[in-house]
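In order of appearance the chains are A, B, C and D, and numbering begins at 1 in each one.
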Amino acid sequence: MRATLREIVLGCRSLLVGMRVTMVEFFKPVVTVPYPHEALRMPERYRGPIELVRDPATGRAICYACQLCARACPSGCITVEGVKREGERRKRVTQYQLDFSLCSLCGACVEACPDAAIRFSKRYNWATPHKEEFLLDLVRQLEQESR
Amino acid sequence: MTPPPATVQAPGSGETFLLNLGPQHPATHGVLRLKLTMDGEYITRAEPVCGYVHRMHEKMGENRKYAQFLPNTSRIDYLSAMHYTHAFVGAVERALGLAVPPRAEYIRVITSELNRISSHLVWFGAFLLDLGGFTPLLYAFDDREQILDLLEAITGSRLTYCYYRFGGVCHDIDNAFLEGTRAFVARMRPRLRLYHELVTDNIILRNRLIGIGPIPLELCRRYGATGPVIRGSGAAYDVRKTEPYSVYPQFDFDVPVYPEGDSMARYRVRMDEIEQSLRIVEQALERLPSGPVRAEGVPRVLKLPAGEFCCAVEAARGRFAVRIVSDRREIPWRVKLRTPSFSNLSLFEEASRGMMLPDAIALLGSLDLVIPDIDR
Amino acid sequence: MTPSPEQIARELASRFPPSPPADAPPPAAPALASTGGPAGATPAEGGAAEAGTVRMLDYARCGCHLEAHVQPAQVVAAAALMDQFGFALDTITGLDWLPAGRMEIVYDFFHPHATLRVAVRTRVPRDQPDVPTVSSIFPGANWHERETHDFFGIRFLGHPGLTPLLLPEEAAFHPLRKDFTG
Amino acid sequence: MSVSLPEPLRLFALLAGAMAFVGLNAAYLVWAERKAAGRFQRRPGPTEAGPAGLLQPVADVLKLISKQLMVPPGADAVLFRAAPVLVLVPAMICLAVIPFGERWVAREMPLGLLVLFAFGSIQVMAVMLGGWASRNKYAIISAARIVSQDVAYEIPMLLVMITLLMVTGTMDLGEIVRQQAGGFWRWHLFRLDANPLMPLTFVIYYICMLAETNRAPFDMAEAESELVAGAYTEYSGMGFGVFFMAEYANIVVGCATATVLFLGGWQSPIGVGSGPVWFLAKLYGLVFSVIWVRWTFPRTQFYGLLNLSWKILIPASLFILVLSGAALQLSGS
């Protein structure tokens, strides 16, 4: 009897303590970010879909299609093609295709690149109902940016 | 299509009905299916059916180079990605005899323990959700968000970190991370007190957990249950202590053990582990050595010597072990992943016999399952 | 009371001696190899280690203290021995040694109270991969055996329900066999 | 009602008023609950539809109305369709007898309290009916739970009512409120002279009310983490919407009853300036506490709920009843 009464009293106390906790939280400011109106900035190392880096000297992509990224990729989602032009020491990238629907953003390609010719973009809120839109042509993307 | 007749008989009538809990059900946290043979609200047999998110990671391991398998390790148990990567790089480092620089080991410990806290916070929230309390989930996620922000800043990802490399870690940590982690540790202690006031001491919760779903130590041993499950049944089995890896022996921390074996014991183990992880993080921050974060002389083309190499870690849910069988090629002959949720769930059928449905759900929640970890 | 690796090794070696060839005298002492290199074998020599070999291993190197090779028929007795020593079943898995025409089943054990890892191994022919189940001793083996059956097609005789666990219900393929093609 | 209307018209106006009140009340209580839940959880709650999300209920209703009503194959179609209606109508009838102010009562009756209790328990049976008719195992388990929960909690509730009746001596709700005029110490909640355990009586009533309305922490019937949505699992569109509406209507009825019986109805706590404003303030204060409780506690276990009723609440309310009788006898009325 005594133990039961004690339990009831302690139990009621625990309930009141819990209600106090939520009431204190009730008057604190909200912690969420109202997403479409306000968005967080992605950190420096954020891993978005990769993009080609421009060589400031030439204005073109640094990439010379050495294929190391394509070989490092565990999902095989990178296809690179390059052409060697007359009088140039290295090949120039002509096509850099990324199948983002296969990419797991692991970063093996960026790490494998010997010349830092690819980097992560900060793109994160990206959705599409069409799978083909995830087939990215990074060379064209770079050209469009320069325009 | 006519559904099977549903009848509820009084207990003891011997007439049972089959209840399909899942694969889509609020309490199964993903796609686990429980085939429940029910006698009224009492469970006479609970048969877990898994494999709905089976991805055959082990086959993928046989098809790609060691470095290419690294991203997979984050995706087996997405809530303790750091630990899983740790086990895999650990096995490779053992095989190659790589000495990891101390700073890298310390960074691994800090990130692993932060990851453990964030995993336990998810469990805490989801468990309370199973028990019908929604508010603690959002409090826990608020705290977890702080960890995810910290880890995202150094790894570039919020869940699938893929941060460890053979012989070290990917990038060094910066001052902002150190400050942020200190601030988090300072913030978390009062938050734990809040959790105890709101949840642990709550009489409703205590009545729902104390004495419910008892798992004797013997049952844990025969099923190979590890992690908070076996520690909640009275065995101080923690891979960080029994099979020390990384620099864990240098830290002063306790292994929380509760002998009762009920859901409350497992709950308490995890809550205490958050506390202990905070202690480890604190110590690691204090003593963080300077130096490189990647070992010298890691071969560009990674080939392991022939033989088998195992490495086990204490993941948030228990013992995770990787076994690599190498035949000197660039890709492994076999990668075996021993996941804790698999063994922890396998005892559910025996442990839940004769329980009422809500109690069985409390038991299921207290096992802290991640379904992709079971299915791999 | 936690056993030492040497003690377990001696016990294993004396209980599961190498099967004597029909025309040779039984060995005088059980074979107990000293601390060796990495565990296991390579596909080329897959299945070379004879049943009855017990080897102490370099834990720092391969994450295991001890491995014992037994006959397929002896796995239940070996599991019972590990049970007596208070071990817990860690996992069961298969290995396909295609070049040697054999499959290997590895039983991993950990000790809940000690730093001790033991692997019990047995080898079966690839064309008839049968081995008795240990689920009567370690009920946890039930799922591990089902999984191993899924992946390798190894049949665990006496198993209470060897239905696919992770693979689809009607799956009749074994993806981790080396000759499996998607 | 100062304007006298012919009886059929009056009845019609009354019903229309009750329906409008129930609908609006439910819609905006949902909004309030979501806002409050948000604040308890440190998030803003609905914000997108209209200022501060005030149009959210309109959007919700439009969505629910536009959905197809499904009757699961093999279900008892008649009972399945009748259940939502049966759950809503009693709540409306109850609202009709509740005095919101001195003259603000739709239908004053000398036996108002009896009406409240007669119709108050129908809704639980209607939810059970819905669960039973759904031909869904989760719904049936839920229906079985509702029955035993209802049986367990009607008893202490009625015992508490008898205690209160001994104090008031009347079942006329208006009269009961009038007895409590003159300041908050005159409220039945604080009538310690009539029964020293009066606050405890209120607490027991409050717990029973939570259980009767299937509100957390006693929402075993819905129990979304166990039974998906319990008795409502198979209901779609407005079928579910009506259940939802009824849930809030029943909360209001339960809280209004508590206000009338214990908190002095429309009487001002300081004795002057009484009016319907006070009634609504007390009513929605209680409703807020119901929301607060829901967003604080986990759900009780089913046998925990029965234990609480049979082992604690019923003995306690019996004890209070005896004590009340003794006090009445001693004061020599």
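The rule is simple: a residue touches a chain if its C-beta (ideal position, glycine included) is under 8 Å from a C-beta of that chain, and two chains touch if they have at least 3 such contacts.
Remember, predicted model here, so these are calculated numbers, not experimental data.
Central chain (C-alpha centroid nearest the global protein C-alpha centroid): B. Of all chains, C has its CA centroid at the greatest distance from the CA centroid of chain D. Summarising the inter-chain contacts, the pair of chains with the most C-beta pairs in contact is B-C. In whole angstrom, the spacing between the mean C-alpha positions of chain A and chain B is 25.
Distance between chain B and chain C, defined via averaged C-alpha coordinates, is recorded as 27 Å.
Averaged C-alpha coordinates put the centre of chain A at 50 Å from the centre of chain D. Once the centre of each chain is set as its mean CA position, chain A and chain C turn out to be 43 Å apart.
With touch defined as above, residues shared between interfaces to two or more other chains in chain B number as follows: 135, 139, 142, 198-199, 202, 204. Within chain A, contacts with two or more other chains are made by residues 15, 18, 21-22, 25, 31.
Looking at chain D, residues 40-43, 295-297 sit in touch with two or more other chains. Each chain pair that touches appears in this list: A-B, A-D, B-C, B-D.
On chain A, the positions that touch chain D within their shared complex are 8, 15, 18-19, 21-23, 25-32, 34. Against chain B, in their complex, chain A makes its touches with residues 7, 10-12, 14-15, 17-18, 20-22, 25, 31, 43-47, 72-74, 104-108, 111, 120. Contact residues on chain B toward chain C in their complex (touch as defined above): 50-51, 54, 56, 58-59, 62, 91, 94-95, 97, 217, 220-226, 230, 235-237, 242-244, 305-312, 319, 321, 323, 325-328, 333-334, 336, 338, 342-343, 346-347, 350, 375-376. Considering their complex, residues 64, 67-72, 75, 135, 139, 142, 152-157, 160, 162, 170-171, 194, 197-199, 201-204, 206 of chain B touch chain A. Only residues 37-44, 60-64, 83, 86-91, 93, 95-96, 106, 108, 110-115, 117, 137-140, 142-143, 147, 151, 164-168, 175-176 of chain C touch chain B when the two sit together in their complex.
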